[in-house]
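One structure below.
Letters are used for the chains, namely A, B, C and D, taken in the order the chains are written, and counting of residues starts over at 1 for each.
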Amino acid sequence: ACGASNDNKKENAGDTGKKDDETFTVAMITDIGGVDDKSFNQSAWEGIKEFGEENGLEQGTKGYDYLQSKSEADYKTNLNTAVKNDFDLIYGIGYALKESLEEIAEQRKDTHFAIVDELIEGKDNVVSINFKDHEGSFLVGVVAAMMTKTDKIGFVGGVEGEVINRFAGGFQAGVKAVNPDAELQIEFAGSFGDAGKGQSIAAAMYNSGVDIIFQAAGGTGNGVFTEAKNLKKKDPNKEVWVIGVDRDQAEEGNVEVDGETYNVTLTSNIKRIDIAVKDLAEKAKNGNYPGGEQLKYGLEENAVGLSSSQEHLPEDVLKAVEEWKEKILNGEVEVPEVPTKE
Amino acid sequence: MDCVIEMLNIRKEFPGIVANDNVTLQLKRGEIHALLGENGAGKSTLMNVLFGLYQPERGEILVNGKSVKITSPNIANDLGIGMVHQHFMLVDKFTVTENIILGKEPKKFGIIEKRKAAEDVRKISEKYGLKVDPYAKIQDISVGMQQRVEILKILYRGANILIFDEPTAALTPQEIKELGQIMEVLRKEGKSIILITHKLKEIMEMCDRVTVIRKGKGIGTVNVAETNPDELAKLMVGRDVIFTTKKGKANPLHNVLEIENLVVKDVRGIQAVRGLNLTVRAGEIVGIAGIDGNGQTELIEAITGLSKAVEGKIKLNGKEIQNKKPRKITEAGIGHIPQDRHKHGLVLDFPIGENIVLQTYYQQPYSKRGILNDQAIYKHANKLIKEFDVRTASEYALARSLSGGNQQKAIIAREVDRNPDLLIAAQPTRGLDVGAIEFIHNRLIEQRDNGKAVLLISFELDEILDVSDRIAVIYEGEIVAIVDPKSTNDQELGLLMAGSKRKETGEASNV
Amino acid sequence: MSNRLINVMIPIIAIILGLLCGAIMMLVSGYNPVSGYSALWNGAMGDAFYFGETIRQMTPYIFAGLAVAFAFRTGLFNIGVEGQLLVGWVAAVWVGLSFDLPKVIHLPFAIIVAAIVGAAWGFLPGLLKARLRVHEVIVTIMMNYIALHTTNYLVRNVLSDQKDTTPRVSESATLKSPLLEQLTDYSSLHYGIFLALVAAVMMWFIIEKSTLGYELRSVGFNQHASQYAGMSVSKNIILSMVISGAFAGIGGAMEALGTFGYAFQHATFSGIGFDGIAVALLGANTAIGVILAAFLFGGLKVGALNMPLESGVPNELVDIVIALIIFFIASSYMVKWLIGRFKKGVK
Amino acid sequence: MDLTTTLAIIVSSSLIMAAPLIFTALGGVFSERSGIVNIGLEGLMVIGAFTAIIFNLTFASSLGNATPWIALLIAMVIGGLFALIHALASITFQANQVVSGVAINFLALGLSLFLVKKLYGKGQTDMIQQNFGKVDIPVLHKIPVVGDIFFSNTSYPAFIAIFTAFVVWFIIFKTPFGLRLRSVGEHPMAADTMGINVTKMRYIGVILSGVFGGLGGAVYAQAITLDFSHSTITGQGFMALAAMIFGKWHPLGAMGAALFFGFAQSLSIVGSSIPLLKSVPPVILLIAPYALTILALAGFIGRADSPKELGNPYIKGKR
């Protein structure tokens, strides 16, 4: 680690000797979503916890930990704090941290970093972890296209941007691949934190006949779930579905109507950040830190795709999903990363 | 002795000032008792103590012979004490009825009974001859009617001890007369009244006894029948006061202000000034006599650039100034003592020093190239404070902390000191004590003697008659007569002001 | 005790009381206040790096605080600092990206454009207030949202090629200081702090020492009297909002050219504008007060980040402490009363 | 989509968005009519949302369908208690009311998130199962067209909010309490001399703002977000404040303004499915509600007269 952190102020931490030899420590810096965003920060943290537990580490500066960012200005401070605490591998979670991480990687050449959802090139001490979100989105697109009864499908994105576009693009391609007649409405809420807006958009979509919405909108997505559940509550026989994102969002879809439990989550397009994060940590621990490389996680790595909550999906749909997955894996189908505009 | 109220050896301190020091006041049943003193002598404070707004540091209050602690207006109300405050305590946006019933609302099922309330108000207003419109909003009614509302508020609560804090300061002569009659009615009903006023004439006419305080100290109580205005003034100020203002003959020179055919609309868009003509010459004081609401306010606003002149010309020293910006007009040589000192005269949250340079802050020596020179400002303020006898802790004290009279003195100091070619003085002595009035009148005359023009607007005929060299009577937005103060009297002016007798302006203008 | 001493004591006592309440909170909820606060201290002042970060965080706080304070002193409540800051931010990045000029021109140019754009964002509420008596509070709230969406749109569609982040501004427009960074162990401290201090002096000078400030204050206190005295009420209201907006705009430029060096799509508001309200109020709307309050806030905000890691205390505790400090300052009447009590007790 | 459906969506989402704003703005009316500025409405909503969600999560299993309604009551109580802090600071301690309001906002968010972390060990709660949902108002929704537009797929809180606005209007303008409340905001010294306890009335005003702000936050959380996190209440309190001023401190005006905000918001959302608005760039639709508000204020609402003594502490005997 760098010189400055040697004048260690953390005397209450007890042992201040070099710990590199004994334990391999990891930390992650969240984006402003926070560690329990029910989304990628949480997923990353789960991966790190798993890694830590498997390796007998404790949460804290001598094992594994996370640093929460409350605003964009905190990224650099947090990254530096992690560096100064001698973590052996430091993750920046989310594309928002790219610029900050790039800058700090330049300054702290001896520390190993990784960024999730972005690509940082030409730095030996940064590994980029990317997901082929579009591949997973394609598959849920296939699901939606086959399951819709109205031939109307919706997509609600948070703020238009590269990552969200991958979701939209893949989803659109998936829908079109199996059901070219289906109408797809793509909307962006302009925010990841406006549940009210998410609900209104969903209301408009469902009202216009859409029966399945894929949401990739963070907190705004809560509103989509709310609306679907409201409709279900009013009329349990009505077919309204939400496709979750990043994690298995089955729990968010639970709704109780007259003592009976329904679920509006059709399935989720998961993104196993935990797998990727843990995977890289293992590599680095064993001295195989692939500095400067870009690691892509997609269908092949089982890091994207449908969640295990598949009870709403009939056999033929699952079969079709398998087939399309195969086609993507063998290169027969190239999934686009941005939606096309009609 | 049948005393309803006895305030014994009251002492009340404010931070840095003793407002009342060993003051004693005894009010007999059924008497009208005057409380007299200079501005800032502590009259209002003493009454606020009686009304429970302030707690005295020392002293005792007896009501009907029983010692009481009046810790809130509620208690005062319960003891039958009511007060009409110097600054009206009325909610502008409420109706007359709402103001009167506030805190003691007739209600049914938790809802205010508006009808019954208005009916109640009408009943007492008839009983005491206090004419009001129960449904009018306070902001829309005249000051005189507001005063009647204040009195009704007290009567509605059944008070039998009434305190009037300078009720006549804001009233027109007619209204003052009416108030006198009302007080007479109240006295006949067995109520006792404490009246604060600076007008010795009113004391002599209306009151039975008078208690004098000077600089917070009780000087004593005298029977009105056994005294005269000169003695009272002397008691109050501590020296002899000359009443009728001494002034030499005016030497009018060239025309300073010429108004031709002026038309001004009021805020509601109605013509308030309708083709008004007026000339004020250097070296004279022209007094405008008139009942409130006959276009005086709009006339002043048009001259000073605050309202638009719809038609006509206003010339200052021969140059047209109508519809110019206020600053240009000020710079052209007009000074203005506004009628409402709190609203227009002062920035209450500024120190006196900064108030003194309110129109001149951008000129040397108070500032240079946009930078203020605090030293010059406060030095100047200090000088004026001394010169005009403004009683304040220092030039750094906020204007808010001064008594009304001293606030007015500060404004006058500022305006007179600028030595404008035309000085407009609107109600310059409202609410001031005789000493201060004398001082201000002398200042106005001094301006005149220095060859400046002075335009005086006042509702007080005595003041107009005393100070003016010519009197212009305004009625419904026009000057209906120009009279010579030496050859007229209250009666004639009163008639003219009421519009009953129109003189040809041409006939008198060569006076 | 003299008045002046009491005025100095009040913020100090308020801070102590705030921290004390925070400590009680920690105790009650099972955390160790000593380790909590030492983590806070270490994260704010612990070494050169954190000190640098504190000063860096202080920079936009000073500008936002000055913007709020300036308007406040002239009788206006500018809740729109957040929006003015965002547009200034994007404007500075735009200049930083679009021109190729020598540094002596480019950097000042970028800052001035940010000031102008921020001022323009303050102009509209000022104009509406002055001409139509529309309450500035609503208009500035609305302008915040308009700024947020507009700048996000610009970042994505104009300043970048459909990306969430713009490229970095060119070297000639940056406030970054390798020297300051090195001195502070690679914190992101930049030259902006000096500008912030200069701005504070300017605010003090304009408000207290200039005829302009005299007019602005006068109009703020009493529009009628100011109008009688020949001042233009409309002009002064607009001017006040414009100057306030310019301060905020420069605050945005500090983030644009210093802390970040680029602009990005904001998911929600940056929060600096709202924190600026607290900074201004804590600083009694005076220039020196704003500097001190910004320092305190900067330290607390930066230090808070270290609390969970080093002591396990949730960093929301710092928000609570900040809120309490603001309360105690606001309730200076109570503090004065306490001092009075204390004095009596001593006697 | 046909016109009725489009209108139905717009109306229904306007109402749902407006309900929390109406309640909170009414709270603001109480406080500000009594003369106390309350920019802490945002924080009061946060407290309401927090309380309701925590209560809902804890008691849903035992209280069933009644949970969200009881949670509203609890949120009102806690909101009122929280507002007491603002009352204490700004009335008793004569604090600058804006400062105190800002502190309320900081404190509410900090405290509730701190407690969420303490209680659940994470930064946001789970989702509640018992929420308000959407309903067809019995009988009324059967009216042709009108029923479809106004009374289908809507929520009870919205109608309660509108009804409450009328009740508040009645209280403020028809009862002795209302007269007294307004008098202390207009001219506290006059009220004092009439034997009205200015301090008491102002306390009541501020506490009621907490009660209603808490209610607004609770409605928002239980109708829209269904969980509590740092992003649950993000600016709705400020919108409610704006609605109150927009509505000129009048309960019905505030209600109208809140409905207008809801309407403008939903128009921007439904906009893309209206052919006429389809080609408009999304950013224009995003800023439309806010721009419309400014236009409305500038165009025909104009001057707003606040209670005269709004923001000034009442100090007995001060000139």
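Methods note: a contact is a pair of C-beta atoms (placed from the backbone, for glycine too) under 8 Å apart; a residue touches a chain by one contact, two chains touch by 3 or more.
Because the structure is a prediction, the values reported are computed rather than measured.
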*Go through the assembly and pull out the chains touching subunit A as well as subunit C.*
D
*Going by the stated contact rule, which chains contact subunit A and subunit B alike?*
C, D
*Counting C-beta pairs in contact, which chain pair ranks first?*
C-D
*Based on the averaged CA atom positions, which chain is farthest from subunit A?*
B
*subunit B to subunit D: how many Å between their CA centres?*
46
*How many angstrom lie between the CA centroids of subunit B and subunit C, rounded to a whole number?*
47
*asked:* Rounded to a whole Å, what is the gap between the Cα centroids of subunit A and subunit D?
replied: 34
_Cα-centroid distance, subunit C relative to subunit D, in whole angstrom_ = 28
*asked:* Can you pull out the residues of subunit D that are in contact with at least two other chains?
replied: 231, 234, 286
_Give me the residue numbers in subunit B that touch at least two other chains, ranges are fine._
none
*Which positions in subunit C touch two or more other chains at once?*
149, 152, 268
*So, with touch as defined above, which chain pairs make the list?*
A-C, A-D, B-C, B-D, C-D
*Over in the complex, which subunit B residues touch subunit C? Could you list them?*
304, 306, 325-330, 336, 338, 343-350, 354, 358-359, 361-362, 367, 370-372, 374
*Give every residue of subunit A touching subunit D within the complex, in rising order.*
34-38, 68, 160, 185, 187-188, 190, 192-197, 199-201, 203-204, 207-208, 219, 222-223, 225-226, 229-231, 233-234, 251-252, 254-256
*Given the complex with subunit A, which residues does subunit C contribute to the contact?*
35, 38, 42-43, 46-50, 53, 57, 149, 152, 156, 162-165, 168, 181, 185-188, 255, 259-262, 264-268, 270-271, 302, 304-306, 308-310, 315
*Quick one: in the complex, what on subunit C touches subunit B?*
208-215, 217-218, 221-222, 224-232
_Contacting residues of subunit C [partner subunit D, same complex]_ = 25, 29, 77, 79, 124, 128, 132-135, 137-139, 141-143, 145-146, 149-150, 152-153, 268-269, 274, 277-278, 281, 314, 316-320, 322-324, 326-327, 329-334
